[in-house]
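Some structures are shown below for you to check.
After this come two complexes, each holding chain A, first together with chain B and then together with chain C.
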Partner chain A sequence: MAVALLEVRHLKKYFHTAEGVVRAVDDVSFTLDAGRTLGLVGESGSGKTTTAYMIAGIHQPTSGEVLFEGRNLAGPRSRELRRQIQMVFQDPGTSLNPTHSIKDILTLPLRVHGLARGPQLEARARELIEHVHLPASFLYKYPRELSEGEKQAVAIARAIAVNPKLIVLDEPTASLDVSMQAWILRLLLELQQEFGFAYLLITHDLSLMRNFATDVAIMYLGRIVETAPADAFFTRPRHPYTQMLISSIPVVTDEEEALKPAQVVSQGEIPSPVNPPSGCRFHTRCPRRFEPCDREEPVMLELEPGHCAACHLYSGGQAAPSQRDNP
Partner chain B sequence: MSSSETAAAHDARALWWAMKRDNWRRMWYRFTRNPLSVVGLVIVLVTGLAAIFADYIAPYPEHAGAFVDFGNAMKPPGGQYLLGTDPVGRDVLSRIIYGYRFSFGMAIVVIALAAPPGVILGLVAGYYRGTRIDSIIMRITDIFLAVPPLVLAMAITAVLTANVFNAMIAVTLMWWPWYTRLVYGLASSLRNEFYVQAAEVMGASKFHILFREILPNCISSILTKMTLDMGFVIIIGSSLSFVGLGAQPPTPDLGTMVADGAKYMPDQWWLTTFPALAIVTVVLGFNLLGDGLRDVLTVEEQ
Partner chain C sequence: MSQPLLEVRDLSAGYRVYKGFLRVLDGVSLTVRRGEKIGLVGESGCGKTTTMRAILGVLPSNGRVTGGQVLFEGRDLRQASPRELQRLRGRKLTAIFQNPGAALNPVFTVGQQLDAVLRAHHPGMPARERRQRAIEALASVRLPDPERLLNNYPVQLSGGMKQRVCIALALLSDADLIIADEPGTALDVTIEDQVMRLFMRLVEERQSATIFITHSLGVVRQWMDRVYVMYAGSIVEAAPTQELFRNPLHPYTQALLKAVPKLTGGGIPKGIEGRVPDYAHPPAGCRFHPRCPFYSPDRCPARPALVDVGNDHLVACYQY
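Moving on to the complex of A and B:
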């Protein structure tokens, strides 16, 4: 089997705080192939942004590995690896330096990586601004003169400037209004088709998944509870948490409501990652919990090809092996 | 390069300059909306130009130094000597104008010496907040902040001699930590901004991150502080001269003039009153200008 573009193995990140050890990410594994889009979904506090930061190199993992084309990303990264993985941040308002012109912002990655110099920089900046469908005159503006959506387009142009293979998108549309969200998503899809980027999309917005992601991974309290191709995720969610998330997508009509695969009423809030529940971490909120849930940690089981869930419902209610396998 | 590329580059430059010009125009407009800021700017410009062109503006340039004319000693204000003369017959107005030159020169030198190291240390400490580098830099800063400036000046002049150079050293030594404090606060919050993270993910050098990403966002606060500090350094310099640790006679200095004139109060009131007013005016000017700049620059940032 070919080496995956990105493989994450048993990734953990613990933060030591005054309240105790926060297990922000606690044993997360997944793979992402070139040209695909993996949607990493979870509530606030589920550890999805921390995972993204570890992949982008902002945080160092407590343990576990991030493999990029089979190469371990631990420790200081080579310039080449830094080029291959780019990131688009959540808030375009603060991801662009207010004192730099758009041209300076777009040419910075080129200058850092020594990909262009002198008049080439200007030409490349024009190309980039065209790729994101903004007029070339924007190069001579400052971020404050742009709308939020335009700023995010510039942030995307900056990410693609160095021809990366993987772009980490941390809630790229969360701070935009709805029309801008659609525009940014269309732009991202178009760029993916043209240049073949792989996207790791971090979001809490399930509705993005249906049209945007090829694969979905659901995170809950630092763990992945279900991974599936996007269509299976919506039609046949297996984990009760996933079912709860899908039930809670707001809909307008009864027809839409009927399309939902299961009706699970959401209850409770996400517990604190300082002191996560024993056994299955979701058991405190799970409507279908039973005997072993508060004692045994469920293992990831492949229920259909490419579709895995970690839930005792599918392990036959038997005591799970102590060692967890990966999909 | 083809002609179309040349034209494009020319357009780009034109756009760039148009943008710069609009920004300046907008800032000037905002600045002039506050009459007090304009008063401050006018005071600073008038006194600053007087200091630069003292040789041409002062009615009696030769009175700046060791000049004696007992025939015209202690003349009250008016007539030939607009602000009167001192006990050895020197024109008070001329000496005030030369005193401005001295005060401005001292303030500019002190700030030019104190600000760059203070800013750099603050940037580094703020960026490495929570590490050993931060602790070392900031504890040294705290030690310097704890020493009263006049006491430090006296200590330095007790070891060395009381002159202008040593006074400037003393003031510079107590001044840089304020820049470190200011920039430390700014840098330690700016380092969490996404644009700094973005530069780090990209692999930009620490030099780039400190001086190209973080520093430009501190400049408006630093400029405002430098403007306000001009006034404060003039006060400190005058205070040092007043107690005899700064400029030594016959150097014309506003603080020395106030001190010397105090002996002749209240009969020869102009000897103290006019130099004191001169200090008040220029400090007020710098404060008003600094406040105005702060208003304009902080709005501009948002």
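Moving on to the complex of A and C:
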């Protein structure tokens, strides 16, 4: 069997704070192949951003492994490894250095990784700006002269400059208007088709997720509660939390409204990650909670090929692949 | 039919800048009836915030209203004296802004800020009663431990909590009209959803009218009674919510709806060709015409008026 581009195994990240230990990521496992897009969705405090940051190398895991092309990414990464995984952040206003021209922003990573020198730098910068459908004249502008969408396109050009294999997209269109959002997303898809990038997409926008991700994983308080190919995830959500989130998406057409599961209103506040509920972490808000839920943690089970959920409602099924090698 | 609470007629406004005058608002008209929830929707730069500020009379120093009327309960606010405006603002007409961090004064506690509003609007009220009202206001927006919160400074609160404090401040005045300018922008989307629900519930309970400014069509469809679609400084379409989504007439509204990714699938939509106009040199006539698939060289250079096509549905386009 071919080695997956990215494999995350039993990943954990605990932060030690004055209020106690925050279990931001608490045993997360998944794989991502080249050319595919995995969407990570969840509320604030779910751990999706921390997970992405561990993959991007911004945080070190507390335990568990991140394997890139079979190699463990633990510890300081080689420059070569850092080149392979790039990131696009939510707010292009703060991710682009305002004192650098666009040309400088694009050529810096090339110089850091020794990918071009002298006149090649300018030539490469021109290629990149063209890839993101912006005019060459933009190379001599500064970020403040560009619109939000144009800035984000520059951030994307910067990310692809070093020919990575995996790009982490952290809410790439959250600060953009509807038409800019469409433009950026199409650009990302086009680049993926041309260069074969794998994308790890973090977003709360489920309608976007539906049309952009090939697979989706939903997180709650540090754990993945359901994962499935995008189509199955939205047409046959199994976990009550997934159903709750999908039922509250604001949509714009009657057809979409009809697709949504019956409205499940969230009962109560999100519990604190310092003191997660016993048993299934979702039980305090779950409309379908029953006997085992507050004392026993549900195991991730494969309900259909590729579609897994961790919920007592489905016990009696086969254990999910990620759990079969459980120590 | 009873008099509308707010009637904006042909409002024009803009800003003086280095390169000239930006003619942002180009004749905005809208009507708000008592208890009505109006959504004002449009993309960045279309003039939504300018409209709000022009209505409230709080344009920045380089901003000027250049024409039109703002009738609140029949009185033209543009003719009102500063004292009259002062009495209206914060009492009958109040606002919630985009960035709660900027709306709250960082050097005063939450309690002090709530108290200031109460003192301004209820001069005779004893301190003990003011404190009680402040605590109730914080509890009504579901903030935990309101008594302790009174002593907190804004910096100690999360974004969602700050926005709830701003909502509490706006509701303290028991205003007839609350204008909310994208109150969820600075917040995490799931927190935004909670805050929205709360705000809408409180608005309904008090039967206040609201103008809710947003770029999210989904939010408007879910919560509002009536929608005004704005493009480049004017209203291009207005209708009861269901009617607008089922039967969008203006090419811009249609393009906007097509550009939203759908839960039912269909891939990433195309987006709208072209860019928002330069307000220093806006296109003549219909400001959307350079981007419009239905552009007609004979009809579009004349600015289209808002026409009633039935069902309380207004649209500004030569096609109707």
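Simple rule for what comes next: the second predicted complex is superposed on the first by the 308 of 327 C-alpha atoms of A that agree within 3 Å, B and C clash if a C-alpha of one lies under 4 Å from a C-alpha of the other, contacts with A are read in each partner's own complex, and residues count from 1 in each chain.
Note that in this section contacts are C-beta pairs under 8 Å (C-beta built on N, C-alpha and C of every residue); 3 or more make two chains touch, one makes a residue touch a chain.
Keep in mind the model is a prediction, meaning the values are calculated, not measured.
A.B. asks: Given the superposition on chain A, are chain B and chain C in a clash or a fit?
C.D. replies: Aligned through their shared chain, the two binders fit side by side on chain A.
A.B. asks: Can A:Q86 be said to touch chain B (first), chain C (second), both, or neither?
C.D. replies: first
A.B. asks: Does chain B (first) or chain C (second) touch A:T94, or do both, or does neither?
C.D. replies: In the superposition, A:T94 touches chain B alone.
A.B. asks: When the shared chain A is used to line up the two structures, what angle, as a multiple of 10 degrees, is there at the CA centre of chain A toward chain B and chain C?
C.D. replies: 70
A.B. asks: For A:R210, decide between first (touching chain B), second (touching chain C), both and neither.
C.D. replies: It touches chain C, and chain B stays clear.
A.B. asks: Which of the two partners, first being chain B and second being chain C, lies in contact with A:T17: first, second, both, or neither?
C.D. replies: A:T17: touches no partner chain.
A.B. asks: Using the superposition on chain A described above, determine whether A:V178 touches chain B (first), chain C (second), both, or neither.
C.D. replies: Touch partner of A:V178: chain C, not chain B.
A.B. asks: When the two structures are overlaid on chain A, which partner does A:L108 contact: first (chain B), second (chain C), both, or neither?
C.D. replies: Touch partner of A:L108: chain B, not chain C.
A.B. asks: Check the superposed model and tell me the shortest C-alpha distance between chain B and chain C, rounded to whole Å.
C.D. replies: Least C-alpha distance: 10 Å.
A.B. asks: Using the superposition on chain A as set up above, list the residues of chain A that contact both chain B and chain C.
C.D. replies: Of chain A, no residue contacts chain B in one complex and chain C in the other.
A.B. asks: Name, in rising order, each residue of chain B that touches chain A in their complex.
C.D. replies: 1, 5, 8-9, 12, 15-16, 19, 193-195, 197-205, 208, 213, 216-217, 219, 301-302
A.B. asks: Spell out the part of chain A that touches chain C in their complex, as residue ranges.
C.D. replies: 43-44, 147-148, 174, 177-183, 185-186, 189, 204-208, 210-212, 231, 234, 246, 248-256, 259-260, 266
A.B. asks: Can you list the residues on chain A that touch chain B in the complex?
C.D. replies: 56-58, 77, 79, 82-83, 85-87, 89-91, 94-101, 108-109, 112-113, 119, 122, 126, 137, 139-142, 144, 155, 158, 162
A.B. asks: Where on chain C does chain A make contact in their complex?
C.D. replies: Residues in contact with chain A: 43-44, 188-191, 193-194, 215-219, 221-222, 245-246, 255-257, 259-272, 275.
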